[in-house]
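Same chain, two partners: chain A is paired with chain B first, then with chain C.
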Partner chain A sequence: MLLRLAPWILISVLVVPLAAGLLMVILPAFGYLPVLGGETFHFDAWQALWQRPGLYRSILLSYASGLITTLVALAIVALFLAASRGTWLDRGIRRLVSPLLAIPHAAVAFGLAFLIAPSGLFVRWVSPGLTGWERPPDALIVNDPLGLSLMAGLVLKEVPFLLLMCLAALPQLDPERRVTLARSLGYSANIAWLKSVFPVLYPLIRLPVYAVIAYATSVVDMAMILGPTLPPTLSVSILGWFNDPDLDHRYMASAGAVLQLGVTLAALLTWWLGEQCVKRVSQGWLINGARNTGSMAIAVGGRLLLTTTTLLAISAIGGLVIFSVAGFWRFPDALPGTFTLDHWQRILPSVTTPLLNTLSVGLAATLSAAVMVVATLENAVRHHLPVSRSQWLLYLPLIVPQVAFLFGLVVAAESINVRPQMALVIAAHLLFVAPYLYLSLSEAYRRLDPRWMQAAHSLGASPWRAFWQVRLPLLLAPLLTACAVSLAVSIGQYLPTLLLGGGRVPTITTEAVAMASGGNRRLIAVLALLQALLPFIGFSLALLIPRLAWAKRRQMRGVA
Partner chain B sequence: MLKPCHTRRLASIAPLLALALPAVAAPDPSDWQSVLAQAEGQTVYWNAWGGEARTNAYIEWVAQQVDERYGIELVHVKLGDTSEAVSRVLAEKQAGNDDAGSVDMIWINGENFAAMKDNDLLFGPWAESLPNYPLTDPDNTPAVRYDWTIPVEGLESPWSSSQVVFYYDTALVEEPPDNMPELLDWAAQNPGEFTYPQVPNFLGNAFITQALLELSDNTEVFYAPMQEDEFDEATAPLWAYLDELHPHLWRSGRAFPSNSADLRSLMGDSEISIALSFSTTEASGAIANYELPDTVRSYVHDSGMIGNISFMAIPYNAEHKAGAMVVANYLMSPEAQAEKQDPEVWGSNTVLSMEQLSAEERALFDDIDLGIATLPPSELGKVLGQPHPSWVDALAEAWQTRYVN
Partner chain C sequence: MTPNPTLLIQQVQITLHGETLLAIDRAIAPGEVLTVMGPSGSGKSTLLAYLAGFMSPVFKAQGQVFLANTRLDTLPAEKRGLGLLFQDPLLFPHLSVGGNLRFGIPQRTANKQAQLAQALHQVGLSGYEDRDPATLSGGQQARVALMRLLLSQPRAVLLDEPFSKLDTALRQEMRTLVFNQLRDAGLPALLVTHDHADTKAAGGPVIELG
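Then we have the complex of A and B:
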């Protein structure tokens, strides 16, 4: 039956292109690239790579920023959830966070850079009044050698993602009951949450956490804007070598891509070791019986940290909005001297096709991913399959850095005579969309109380009728959220769109990146805002549709 | 001369060869009518850097023109970096796609051209047979036949000429420096107010090349392929200069802007007060775009500034070669060149020789208003040629070894 094949179809759609792409990068890394005359295998590329100035620093930067970013983002989310009591304030903060998911990484990076730069919005607001500065101070904040501003930018983007993942997983754990029980034993609410809910929550969000580590170690666009420059992070260096006019650099770039994969795996392994340590070390803390220690700090810190990241992200976007209508803006003026709609008028006439392409590719990739993922999950649930080890294969596209296999994938596609076209772009997006969809949906799907389906069957419903009339409606909210996440992922893709579309499928993101290379902040701001618009609509619909659908069924709104 | 028996054998395999070739033979630009006929109805994918709204708008204008005149649909494939198109062609060649390539025409020059030529990724020669090519007066303008000293050999058609200029804010700088040593003195007195893009960005490369040419007594050596044993001695003055300059740069030389756009933003934010550009009209354009204050002006160094020409090239496997040639030829027409030079449109200098034009055509250029921050051609001074790419590559490599750690 087709349903039984679903998991294998999904895995092959993801793994085959990935493997083909990786192979086409591994061969040149060891000297084999006949088109440039490389016909024998050797280690020259690796020697050249190790001799690159600043290589060790690049590696260290990628490795450390991946781990630190994830740790900080996870801590912020956990502390907030521990402190959060479902008051109007907490709900308000939560609501502010989810639209942040919609904003593309590059846009957040541009916005943040403009906030914290020495000539940025913060300094402008206090200058020259408080500081006496008529010229921006000569301080290295953005592009700092330690990568702190890069990590800050990544945290701003990863916090909303992890929070959403936690909120999706939490309802299955019945956190209120656990907290109530612990409180009846005299624990303060915050400590009760950390000790009784977090340890069972973490296994459910482990894969998203790994995805964050992989992403943060290999990110390109944010690192180009916020990251160090002397040397840049490993992924940025690799992209530079792939783009080097001297084609012999391809060998070294390929070796670098393989190295990047190693760095990402090393970061994941480190995290895994850390998990094992924490598991042992925290045993004592979990059962030491301390009921209030640190409760106050959590209550204040949890809310403060999340609010700060949220406000930072929102101000960054605010900065973009101001820039999109700014005339000339001399330092240290707090606002531009003149406002104009020129920038919007210049961009809008040319974005219809890119917007339509973005939407078609995004919807096609999301819908096909949704069908495949739901079929796979339904198959697993119906046949009571345990979470198999093979599901790790689904996450490979998230863990293998894009720069490591996309260049190879282009060659692979050309070799079997598949020319650049929209279908190929959709297939490439599927590589990234499907894992995120699986990631966002699988827990909710598996944990849905099986008694709903049993009740349906006992009333005489066929498996498919039960699926359409009971399971899907019950899972409407998580399914729509997962689709919105996927749509946002698809919209943000740059390299896959450019490389597999041969540049012939312009999307709002390829337009934005091409424009970013010209550095006109005002036009970049316009495109970044347009880029954020579609995912924003997606998330709004994901929130709105269940509310409208269940407008008359109060209890349904609380499900998952 | 072929011996008869060979000719006979050739004749017998000729039909086979014809089968192996693509359905339409490569167009021959000396038979322009047939090129025009082939081009009609083609869709030409022009891969060109898309980072500047005015350039994009100009390309859109060209698309309308060639559609009306020749029935060609021109699609601008917007690149973040020209090498993306080179990668594409390389991947296609690697995969054996030799006749249906997705790149029909590339805006290119310098190192990317050298790389494509070296690796046989280009179609041609075709450029010198274009009807408009003589308007560039190639016999008296060596710049159109040598791209960074690499012989063009008809593999690309000239499009745009550009020259490095400095620009400064008259509200912050009284008297701009006239040469590299003066720039160093000025930077020492005004620490943190000058910088240049990070090598190997092309403008960063241009700055260190300019410094090298200005600081060297004998510059001839830089116009031939670099020999390993001459590098250290020839470049010693440059490194001495940069070692001294860097501590006075923006952020004390601990970070560099990544490209000319970043540099311009620093200028717009008053972080620095002198910057440079590879376009003589950049400052005027940026003032019109609200990116720079209207007190910015351009200037050049006494001994001349580096300049070069950018070109159109057709990859060896382009699917629509005839269409690409017709577009390349139109781009060289007086009308298209004058439109391009108008700062209101784009402000990129022409490659045509005014002497080759009719009085009517010349008038198109004379009527252009250059903008407040642009130097008139008479004040641009001497154009220094680009050294051989091997020098630029070696300089970039050495710069990184020295300053990246």
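Then we have the complex of A and C:
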């Protein structure tokens, strides 16, 4: 009985806070916030908002960086898949994808910043030999006003995400057969893939693409580390107004949050219009019969771009490692003169609480999400339910920008006398953890051969016994992987932790981002590495446990 | 143990989108094998799924199924007491051979270990208890699957082309083993197949569908 309610419980856990949060942002934006004495509706907040210097630039930055990074990331992934032919390089890159995905946004951002900064690794490696520089050049590379380094950081994170989504969707399209057929008609392999596989692949990854756009237009932590400062992106400005000691700024911040929602929607709408145009225009290209045009460029470009992205991400982490153990390090030297563990020793005692918080929030959110998602999926397969239309509701928290509703969620919680605390942080993490868990588990769950359960039932096993003794063990590996993904998502959360914890639930992520403006690179590197290490441990366990558990079961290792 | 019951399939009619797929009205006596033959698409697998309790909700069924005085078609699959032998052995890959057999033995059975050893001995697999099922040959897996079914003490058995994936040499051997075991246990059985050699080995009445 409870099982039949599971999908509804899951959806309400996600949608109710979202709706409450949005409501409590929209009302104050029009002057209504009884806690602060606002009891009439008016447009004062909007007037104040429009008079902010640099507002248009902030809007443009958010809008453009969202669209540009998504386009670039999608192009890199599509070109790579078109060029990819299962060589060792292609397979190696694919295998690197999920660990790269696990690295939190903030850690990638710090790593990239340390690579490209004027006194960063890249400049050091080519100085003074190529440049003649004896001191760091006076250039604004990180935090550049055009947001280029922010966009680079976003692309680094979006490429592995989109690639993984494509790889998950591809098997059901039988790409090999499509490509073989097109090749037998004389098409080169790359063009064959782009013309016969990509047009059917895209609809399957549309939702993840939209999630990427929404994320990139409204990201906070990465924008604080890599983004422009005068003015910052819209989302960072909003955070500043909300945290302003002058409480009246709350109204303007709410108006800003509604504006952010509009900017994200505008970006999504633009993308959708673009989709329609491409659909029309590409019809001609798809059937024009050209079999080789551009094939060489795709073959080279596809591999080169993805390899560059992967190498950049790896060097970013490598850079963090070097900085975290660097002792005395004169400027153009490529490597530190001395190495030391001082920074680690200095910081470790003070991060015990943040580490424990990170783990307890992550595990609690992952566990509750796992129970709800598994119950929902079990209910669906038990009652032969087709993939339901209400499923898109699950993905709403990934499409609606965090800044647009999390502040409202705090207000909503306070209005029913719930103060910011760890339980709220967990509930907020659940909003982002559960959709990813569902996304990564549902295919494996639905694809498990139904005859396993039929065999168990025909041997007299009750539905629950069959679930615990047959389905769960058979799905152990995908379940653990999904949990590792969720844990990584939770560990990387900045804004929900900061806001719903009222700043009193420090995690490794909030601590690291808080240091961004401080600028002790060595300590930042230690924190960023710790932040990246936790999800990595999660993924390693998810790989290791099934291997140990099924050491003596050959077929299970094939499944895993 | 109570004497074995007869499996009664009373005026069962299965429809898909309002069109009748098949109609059947039969009784299967203890130790008898009723063979249902027909080309693919004739609904013989649907009949099996209906009897076992796994039929997809797109199909609609009328009629009643009885085992002695128990009405089966309203019971959930696990309470029907119908053992099922699939095309594949479907030994659970996460359990050992012994674990698979134990999975089938009802909880309050006395002397489980002795039964298990006896079952393995009967099919010439003594000492295989701790083996990984994936390391067994196809024929050995089929025999373990049969024993798992019998240890679960079913009151009737459904066979879904259980020999079709075995190679020719093994096929005749398994037919003899399966039908002898079912006859010895005195279980009513329904066999679905499109192979006439199966029908001959089963030796019971035949229904042709489609």
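Here is the rule we go by: the second predicted complex is superposed on the first by the 445 of 560 C-alpha atoms of A that agree within 3 Å, B and C clash if a C-alpha of one lies under 4 Å from a C-alpha of the other, contacts with A are read in each partner's own complex, and residues count from 1 in each chain.
In this section, a contact is a pair of C-beta atoms (placed from the backbone, for glycine too) under 8 Å apart; a residue touches a chain by one contact, two chains touch by 3 or more.
What you are looking at is a predicted structure, and each value in this text was computed from that prediction instead of being measured.
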Counting only touches as set out at the top, which of chain B and chain C does A:Leu140 meet: first, second, both, neither? first
Go through the superposed model and pick first if A:Arg522 touches only chain B, second if only chain C, both, or neither. first
Once chain A of both complexes is superposed, is A:Gln454 in touch with chain B (first), chain C (second), both, or neither? second
Who does A:Gln469 touch here: chain B (first), chain C (second), both, or neither? second
Regarding the shared-chain residue A:Arg177, is it in contact with chain B (first), chain C (second), both, or neither? neither
Residue contacts with chain A in the superposition, chain B compared against chain C: B
Based on the superposed arrangement, let me know which partner A:Arg91 touches: chain B (first), chain C (second), both, or neither? neither
Overlap of chain B and chain C contacts on chain A, residues none
For the chain B and chain A complex, residues of the former touching the latter: 45, 47, 49-53, 56-57, 60, 75, 77-81, 83-88, 90-97, 100, 102-103, 110-112, 114-115, 118-119, 191-192, 198, 200, 250-252, 254-256, 258-262, 264-266, 268-271, 289-294, 389, 393, 400-401, 403-405
Per the contact definition, I'd like the list of chain A residues that touch chain B in the complex. 33-36, 53-54, 57, 117-119, 135-136, 138-140, 143-145, 224, 228-231, 240, 242-247, 250, 326-331, 336, 338, 340, 342, 346-347, 350, 407, 410-415, 417, 419-420, 498-499, 502-504, 506, 510-511, 513-523
Applying the document's contact rule, which stretches of chain C touch chain A when the two form their complex? 52-54, 56-57, 76-79, 81-84, 86, 88, 90, 92-94, 96, 103-104, 106, 132-135, 148-149, 152, 154, 158
Within their complex, state which residues of chain A touch chain C. 384, 450-452, 454-463, 466, 469-470, 473-474, 476, 550, 552-556, 559
